[in-house]
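As written, the chain order gives the labels A, B, C and D, with residue 1 at the start of each chain.
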Amino acid sequence: MIMSVKVRYFASLKDSVGRSDDMVDVNGAVTVAEIWAMANANRLMPDNILAAVNMEYVDIEHSVQNGDEVAFFPPVTGG
Amino acid sequence: MIMSVKVRYFASLKDSVGRSDDMVDVNGAVTVAEIWAMANANRLMPDNILAAVNMEYVDIEHSVQNGDEVAFFPPVTGG
Amino acid sequence: MIKISADLFDPWHEVVAYQDSAKHWTGKFGATNVFVGTMRDFNDGDAVTGMVLEHYPGMTEKQLEDIVKQATRDWHLLDALVVHRVGEIKPNEPIVLVAVWASHRGDAFDAGRQIMEALKNKAPFWKKERLPNGDERWVEHNTDGYLRSPKNDMSTILG
Amino acid sequence: MIKISADLFDPWHEVVAYQDSAKHWTGKFGATNVFVGTMRDFNDGDAVTGMVLEHYPGMTEKQLEDIVKQATRDWHLLDALVVHRVGEIKPNEPIVLVAVWASHRGDAFDAGRQIMEALKNKAPFWKKERLPNGDERWVEHNTDGYLRSPKNDMSTILG
């Protein structure tokens, strides 16, 4: 089955990847880490990156479903 | 030497001794506990009493000087 | 600054007025912690209609000054403000305000709590509550503000 | 209640307005703890002339709701209010407000601090600072608000 996954980047990570979002089409089961690799072929995932699926924090081995929104961002600095 | 010591009572202790203050004249060295005994001949000092001399907390064995203000009061309940 | 107030005060107005008057640390404080103690309309299971707060003029101010000085020695503070009511108080009126300003939040939280606990333990104030039937009773002691709530203890025990 | 504000807000006004609107717990709260984080005009030793606060609309609110719910499970709270700025911010403007209302002060202090620390660790906000020379830099990480101040550590060590 072909799945369509929205990928979003925030803050300094958005600056370094040079985009705020991607659409990734995948065939079959896939993890958050694999989504990163597909969207950023030439760039290793930074060590201190945080990941969320549908606005909840997840481990990068979390599996992604059709229609999910996957987000990557650096450590948060609010407050 | 005759010393004159002002004694003050606050809150529920003022109610139970029935006075807000006393003047005690003593001859020679005396402790806070002895001041209580002189001012309150028929009343043992309550267990949980707090004592101050010149507005600083003291132990009841603290010695009192001429002109000192000695205060007795129950546990504080501000805030 | 220490203030003993025989009249109703607005804690939020006090905080703003004090902060606005302190131009020398404008732009320097990142963290403000404010505690306000308010009179409830019940205590120890009973309805309470009012309260009289007695203090020891002179000693109360002296003890509060010492408490704030100690907090300033223990934590990195820019300033602190303590306001405490005395006299006749009605439910829902503020009793005490402790406000501290610091560069960083750890200092602000720790110093604010330290001042509040020391005030509860050492500042000579005494509360007498008025009950609906007209009786009065002295509050006998303050509770420990560092005790964890029973709710939290339960959740710790039960996982 | 959770509010994300793109405009300047007055934290003390927010506290009063919220408290006045909550008639169902009037007379029930004895303890209010309020933390306000304010933009300083320096950071990491450099003068800072402004800041842009980015967030993740939707996730930010969701995380803040979860943080407040957790605090409500862990402590006896009557209510909590969190307001956070986003967008362009100037020095001396408030960034964050965390206010909690409880019957007792231990719960108020602990819950306020827990919410603030969780917000600093989990709520998706990011700060970009503007320097006087026109450069911009992303703040890389938040510090731990439970760390004791160096001053306090020194006084502990030196007795």
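The criterion applied here is as follows: a contact is a pair of C-beta atoms (placed from the backbone, for glycine too) under 8 Å apart; a residue touches a chain by one contact, two chains touch by 3 or more.
Going by UniProt, the chains are C, D = Molybdopterin synthase catalytic subunit.
In this text, all values refer to a predicted model and were calculated from it rather than measured experimentally.
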| item | value |
| --- | --- |
| Farthest chain relative to chain D (centres taken as mean CA coordinates) | B |
| Geometric centre distance via CA averages, chain D-chain B, whole Å | 47 |
| Inter-chain centre distance, chain A versus chain D - centres from mean C-alpha coordinates, in Å | 28 |
| Euclidean distance of C-alpha centroids - chain A vs chain B, Å | 72 |
| Inter-centroid spacing, chain D versus chain C (mean Cα positions, whole Å) | 21 |
| Contacts with two or more other chains, residues of chain B listed in rising order | 79 |
| Junction residues of chain D, two or more chains touched | 37, 105, 116 |
| Chain contact graph, described as a line, ring, star, complete graph or other shape | line |
| Pairs of chains found to touch, sorted by chain label | A-D, B-C, C-D |
| Interface residues, chain A side, partner chain D - complex | 8, 10-12, 15, 52, 55-57, 71, 73-79 |
| Chain A-touching residues of chain D, taken from the complex the two chains share | 37, 53-56, 58-59, 62-63, 84, 95-96, 116, 119-128, 138-142 |
| Residues of chain C that touch chain D when the two form their complex | 12-13, 15-16, 26-42, 73-76, 91-92, 103-110, 112-113, 116, 143-152, 155 |
